[in-house]
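Chains here go by letter, A, B, C and D, matching the order in which they are written, and residues are numbered from 1 within each.
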Amino acid sequence: MYYLQLVINGIIAGSMYALFAVGLTMVYGVFRFINFAHGELIALGAYSALFFTSPPLSLPLIWATAPAVACTVCVGLLQDRLVFQPLCHGTRMTLLIASIGLSYLLRNAIQFGFGSDLLSYNVDLAAGYEWGPIIVTRMQLSMLITAVVFLTFLYWLFTRTMLGKALRAVADNMELAGIMGIPLGRVNRTVWILAATFAAVGGILLAMDTSLEPMMGVINLLKAFAAVLLGGPGNVWGALIGGIAIGVAENLSVAVLSPGYKDFIAFAVILVMLLFRPGGIFSFQKGMR
Amino acid sequence: MDYLLHIAISTLIYAIFAMSLNLELGYAGLYNFGHIAFFGIGAYTSALMAVGGLPIPLGITSAMALAGLIGAGLAFTVLRLTGDYFGIATLAFGEMMRLLFLNERWLTKGPMGIPGIPRPTLLGGMPADLLQYLMFTVACTILVFLILHRLETSPFGRALKVVREDEFVAQAFGKNLLSLKMRCIVVGSVIAGLAGALWAHYMTYISPNDFTLQGTIIVLLCVVLGGKGSPSGPLLGTCVVVLLQESLRFLPIPTDFGRHVAPLQGMVFGLMLVLLMLRRPQGLIAELHGGRGA
Amino acid sequence: MMGSLKKLLGLAIVLAALPVWAQDAVEVGSITPLSGKLAVYGEGFQRAMNLALEEVNAAGGIQGKPLKIIFEDNGSTSQGSVSAIQKLITVHKVPIIFGPAASSNFLAICPIAQQNKVVLIGAESAAADISQCGSYVFRVFPSDILQGRGGAELAKELGYRKVVLTYINNDWGVGLAEAFKDSFTESGGEIIDEFPHEEGKSDYRSEILRIKQSNAPAVVNLTYIKEGAAMLKQAFEMKVKTQWIMGSASKSPKLVEIAGEAAEGIIGTYPTFSQDTPQYQHFKTAWEKAYPESKIGVFAEYNYDMVNLTAKALNLAVESTPEALREALMEAGKGYQGVTGDKTFDENGDVGAVYGKWTVTDGKIVDYRK
Amino acid sequence: MKLLEVRDLHAGYGRVTILFGISLAVMPREIVCLIGPNGAGKSTVLRAIVGQLPATRGEILFEEMATAGMDPQEKGTRGLIFIPQGQNIFPSLTVTENLEMAGYLLPDRETLKSRREEVFAVFPWIAQRRHRPARELSGGQRQMLALARVLLMQPKLVLLDEPSLGLAPLMVEEIFERILQMNRQGTSFLLVEQNARKGLAVSHRAYVLEQGRNRLQGTGRELLTNPQVQKLYLGG
């Protein structure tokens, strides 16, 4: 039972990684670079929700979510317009370094604005739900439900709407997509909107679970990287499974190894994956699925 | 005076470190995000040996050798990967090394770090003072600079340049390309190991906190700022970064505002990177060397 | 571009040549984590030092001159600390420096202070090794050894012979955990399970599960605020019924604020000082008056005492040689009753401490009484 | 009226000029072939016409309107379609989704639906595999899928780059059969073909390019029998 509980904890932790990884992998799929500034979108979502729940606005958290996501999306789009679009003809490494710079800039801007003190939303506590020996907390349940809802939405978008299919087409072959008259601008914006929304919602959940600090995004970003690579870059469903796999692996490791090595597991997974299956578990081609 | 010496020494050590990254990044186009690990390996090796009572020159040599060896191991395993994959793999490697430093307490004393690392002694048996240590560092810097400069003009360096400039030629190189890159990483790691050892003996204290991803990013900024692919680029870049960092200490900032200074500094660093990429992705001094545009 | 580079270098040179502040004040330095991961605490340290500073100056300063603290950020790193101390020593030529938080950062600069004969005082650094740093290194904060012993006594006093020990994987956590383990096992206690937990994570559920699995009646959790709050919260949600025994770094209203109900009933040790003394009452009122919007930060009292004690030493000093200042500080400490109690230094520059117990009742940190 | 007219086209990649004054024309309902040695700039002509390369000099007129400044979508809706060489489908999309991507150039969803049914009728195997990812298709099938998509869009002119590249002879036959069939229904083609014999056989007219310049032109039959062309490009 102990191990089952560890696996459940792992799946839930992993579904949060997946929420971040999906955004990261979509950006990679379309723009072909790894966005280091994605972590700051996570933090930004959490902090802007804090802004809306604090005076003078003092909205309840549930109402603060929408404007917070909107703010994060705006920043995501601004990043694209001011930095990534002008650079899109440069090398991928130029984009990557620019995103590292952006990450620094935003993280420090958050610290500038909100200070580096720990902050929190003051969410009420509740004991977890028990099913026999298994216990799942309310926060864990909300994370799981959010992840399921968002990823189901994504599945619907990708398979049932023209825009979603166009997005996958662009990830497959941007040149051909352009020839086919697919509106690249709109698709690019959609990618940023989706990535930022997922990041912001995930960030708010993380902050509800614990607390807010400017570094909160970076800490989770490396796990998201691992999930992306595990699933194969650009592969949305791979990222989901990759996230869960990493969550489960590191939580199971707590039972046998020193928890000081919890992160080590994620990194080891990255290295091993890259060495034996450079394309990820599922994919051997580029493109977004 | 000691403060200036301190700045000079840390700039030079960082410049050596930046030059070693530049060898991989600027010449071979390998984005090694775990380069700080070799700095750390060098620092820990030399520090542990010196604290254990072994002669410092032996420690420094072993530091370089071990860094080179591990570099070869890393290169052997991850060189098949290209571009961002290589970057992420090395990033993972760097973090794994840091976690090893942190958790293998029997060896590294974990988060407590290693205090009391001896400075090299002179002939008379006295530990070197700052000025003498600076001389030592200057000598090392010049040596590394000359070696790298030599490499640049050697067939090896020219081959690397061709490889970086032209994908097709690179593909034609095939197996040779791998061995070229491999040698690049090994030499880069050895030099990073040297920088790490110098650092350990200068600071006299090291802990896993000194070897985080942040360290790699600062050095990356130094290299990119100065201009990739020329030995003098990282030197200049390091000077600018260190001076910027230190000059902030001298701005007459009201105490109440003090807590905003650090985030502001971070914002400036971040903005610099972004603007550099937007305006001059080839760095500040590339034009002197006829470097290509973006 | 070369032009603007030259401008940049020029600017740096001009900045480096700026005149150091006028010498009509007595200057001391402080290395404070204003950025990086310890910045959470750094602001609180700074507030406490400024509070004491204002009072010192209001009371006439140092032999008629105002006291001034030059704050240097260390970015929470040892490298930053070394840069900062080099600057404080050579540019500002301060005779006394308040050392940085985190023992690793403090240890990094000890040899420099000792070599340059500058008095270095710590208000938060607990590592046992610091006692061996040298004659110019002092601290107003008791060594880990004392707190470890205090924690072990607390556990026994509460009747726990078997505990799980978990600690934050950094210099503070490891140092304190060692001290606790030695003391606890020496007196016959048993540690069922022992593991570090990583700094800065948000999900500790599996670590808590490991605790739950061990069925320990009590858990000694030596951790920081963020980690402590997250663990308490998640343990509460997972219905882990155990007695939490915490260390001094968790004793913060912030932890109680974040963990809420989950923090109820935790018991911890801390280097105690009575809150009933007039000194503490004075400090508390002064703090609330100066910073109505923020709660008293961790170790604020120590920082406050450190500045006051330094001011006393500077007033006592007959001349400004390092040796005289060192002597004056030893002298000033003798029998000095600060907010945090007796600050008499021993030959290692350490202070003694009485270890008190704190607990959380109704969302407030209070002294634990049986 | 000429469907497409190119006058004195100069174009290239960056500083490297590849085309030095190409002129050609395609009439309605015509199949025109470009042949020439490797590096003659055949594909570059197509890329310059769709606007992937900027023309440094010269004019491109589609239905007597200058194409400069039209985006791909506008060209597409006006009936000018480009099928690039090699990667001309979206491998991770399903077969149906590949067809649907033509929808951005169609007036409405109804047209898309009805024409998709037409395609399924013409290519029964596509209907059978409609929910499979396109990456499972063979090279020839991918080429067919790309052509099927053209059928869906019903353009006036298709620029087709190397349709027979890397395909088995039987498959090549089938591809050209489809091209002729579509041509009979009113679509014009400008195709670049390495297999000159085959290309000339199906074309009404052809241009021979060499080093970015016009060399010869004539009807497919004329060029097939031209001894010079035979010697240089037909291997005999």
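As a working rule, contacts are C-beta pairs under 8 Å (C-beta built on N, C-alpha and C of every residue); 3 or more make two chains touch, one makes a residue touch a chain.
Predicted, not measured: the structure shown is a model, and the values here were computed from it.
Steps from chain C to chain D, minimised over paths through touching chains, total 2. Each step here moves to a touching chain, and the least such steps from chain B to chain D number 2.
The pair with more inter-chain C-beta contacts, choosing from A-C and A-D, is A-C.
The chain occupying the central position, as judged from C-alpha centroids, is A. In this assembly, D is the chain whose CA centroid lies farthest from the centroid of chain C. One inter-chain figure worth recording: chain A and chain C are separated by 36 Å, centre to centre, where each centre is the mean of the chain's CA atoms.
One simple way to say how far apart two chains are is to compare their mean CA positions; for chain A and chain D this gives 42 Å. Centres computed as Cα averages put chain A at a distance of 31 Å from chain B. Chain contacts: chain C has residues 35, 39, 42-43, 169, 196 touching two or more partner chains. The residues of chain A that reach two or more other chains are 111, 115-116, 258, 260, 263, listed in rising order.
Taken as a graph of touching chains, this assembly has some other topology, since it is neither a line, a ring, a star nor fully connected. Of all possible chain pairs, the ones that touch are A-B, A-C, A-D, B-C. By the touch rule above, chain A contacts chain B in their complex via residues 33-34, 83, 86-87, 90-98, 100-109, 111-112, 115-116, 222, 225-226, 229, 233, 258, 260-261, 263-264, 267-268, 270-271, 274-275, 278.
Residues 1-2, 5, 8-9, 11-12, 15-16, 18, 34-36, 39, 42-43, 46, 50, 71-73, 75, 77-79, 82-84, 86-87, 89-91, 103-104, 107-108, 110-111, 116, 127, 129, 169-171, 173-175, 196 of chain C are the ones that touch chain B when the two sit in their complex. Partner chain A is touched in their complex by these residues of chain C: 35, 37, 39-40, 42-43, 169, 195-198, 200-203, 205-207, 209-210, 213, 225-226, 229-230, 233-234, 236-239, 254, 257-258, 260-262.
Those residues of chain D that touch chain A in the complex are listed here as 50, 52, 72-73, 76-77, 81-82, 84, 87-93, 97, 100-105, 133, 135. For chain A in complex with chain C, the touching residues are 2, 5-6, 9-10, 13, 16, 111, 115-118, 120, 122, 124-128, 130, 135, 137-140, 206, 209-211, 213, 215-216, 219-220, 250-251, 254-255, 258-260, 262-263.
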